[in-house]
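Common to both upcoming complexes is chain A, partnered first by chain B, then by chain C.
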Partner chain A sequence: MDIISIIFILAGTFFFATATLGLLRFPDFYTRMHATGKGDTLGAFLSLIGLALYNLHDGMSFDALLVSIKIMFIAIFMFVANPTATHAITKAGLDCKVEPWTKKESSQ
Partner chain B sequence: MRYIITFFILFLNWAIWSGKFDAFHLALGGISCLIVTYTTHDLLFERKQFSFKDITEVIRLIIYIPWLIYQIVLANIHVASLVLNPRMPIDPKMIRFKTKLKKDISLVTFANSITLTPGTITADITDGEYYVHALNKKVADDLLSGEMENRVAHVFMED
Partner chain C sequence: MINRFEDVIIQTICRLLVPPIQLFALYVIAHGHYSPGGGFQGGCILAASFILLVIAYDLKEASKRMSEKINIMYCCIGVIIYSGIGLLCVILGSNYLDYGILNSIIPVEPAAARSLGILGVEIGVGIAVMAVMVSIFINIASGGEHGESEELE
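Let's look at the complex of A and B:
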């Protein structure tokens, strides 16, 4: 159980790291939204699953199960809230007429 | 009918979040759930009548979610490889396409699914037309193949 939760948390951290690296490397506003908006969702989801499993590592008592269910509720909430927030920020950028970066412009 | 369902959902939430199962706390929760149900019963379910179709929709949605998570993991690995690639081979562009979906709930589910799968963000929906910002050609083609749209249509019985 410990090993499985460690794998989950490590995978979550990996996706968090690539999300942050993408934020630093990508060229413009929209592409940066790609990196952070979604790497974070999967990263947080995997980390929370890892925590929920780790919480059960010394026996499946009722209280521990309840805490794990609460952690999974946070994960479900992030799954709904994160794409909505990403969409809202992107739409705000579009409404303010932020020009998307394209490959052709950069080669000129 | 919708009073009863709303009450049960609220009460289940109360029980899980409070974590106390003695008579005092459950009674307190029951009273507050009754008040909240009375004031907000029309927010959760708009329709008064329920049919067999609604249960099928919920079951199909539950089947849809694991497929979505699988797609998210695949696409996240793809984006991670793009980020870690030193040459960073991205070619972002805006794409727009018509959708066949009609119901509000299926439009929202599809838009959130697009945003969740990395490489694509829904920027706007106007009159059944999606504006999507795609990170490169592969993810755009994946989206335009319409598999996800068909699955969402299947979940909400629009096919």
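Let's look at the complex of A and C:
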């Protein structure tokens, strides 16, 4: 059980790291939202699954199972809410006429 | 003036998310007296679910679900529950909010009466905080017009 949770948390950290890399390196608003929206969602989801599994490593008592189920509720909530928030921010940017990055613009 | 912001994805997800958020708020209120949480936190979460509706739809649409009048009534009801339980203790011959005396009218032992008294006060605080938070939000969002003005959408 510990090995599986370590794998999950490491995968989640990897996705967080790539999302942060995208946030820092991508050229404009839309591509940054693209990077963080997906990377953060999957990173948080995998990390929380890893924590829920780690919580059960002492054996499946009722209390531990209850805490794991609560962690899974948080994971499901983030899995629904995070892409929606990303969509809302991106649409707000589009409504305020934020210009997308183009290659021509960067060469000048 | 920002254009009216309507979006199918956001509205659908907010409509789906509001009931779980309110359920979680009730959980926080109900567990306030023996775990982290309580009336203030649960009330704020309840208010947040309503504010989410206002953000996803608009002020008029949300005002149909909870008008300003009902909102003020909730505020008063919360304060009445809180102070009523407090004064009930005084009437029964103890200090203000000293719940132990409540076992003379509820058929339980003093410790359980104390727990139930705290739960009742938490419910009152939760209702009052929810109503006041929503009222503050509506007043700020509409500039004091309570969503009745035409230009504010």
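We adopt the following convention: the second predicted complex is superposed on the first by the 102 of 108 C-alpha atoms of A that agree within 3 Å, B and C clash if a C-alpha of one lies under 4 Å from a C-alpha of the other, contacts with A are read in each partner's own complex, and residues count from 1 in each chain.
Here is the rule we use: a contact is a pair of C-beta atoms (placed from the backbone, for glycine too) under 8 Å apart; a residue touches a chain by one contact, two chains touch by 3 or more.
Given the structure is predicted, the values throughout are model-derived calculations rather than measurements.
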| item | value |
| --- | --- |
| Chain B versus chain C as contact partner of A:H87, first or second or both or neither | both |
| Partner chain in contact with A:R25 - chain B first, chain C second, else both or neither | first |
| Contacts of A:F77 with chain B and chain C, given as first, second, both or neither | second |
| First, second, both or neither for A:I69, with chain B first and chain C second | first |
| Residue contacts on chain A - larger count, chain B or chain C | B |
| Contacts of A:H57 with chain B and chain C, given as first, second, both or neither | neither |
| Touched partner set for A:K38, first chain B, second chain C, both or neither | first |
| Touching both chain B and chain C, residues of chain A | 80, 84, 87, 91 |
| Touching residues (chain side chain B, partner chain A) in the complex | 16-17, 19, 72-73, 76, 79-80, 82-84, 88, 90-94, 111-112, 115-119, 121-124, 131, 133, 135 |
| Chain C contact footprint on chain A (complex, rising order) | 77, 80-81, 84, 87-88, 91-92, 95 |
| Residues of chain C defined as touching chain A within the complex | 2-3, 5, 7, 9-10, 13-14, 16-17, 20 |
| Residues of chain A touching chain B in the complex | 14-15, 18, 21-22, 25-26, 28, 30-31, 33-35, 37-39, 41-42, 63, 66, 69-70, 73, 79-80, 82-84, 86-87, 90-91, 94, 100-103 |
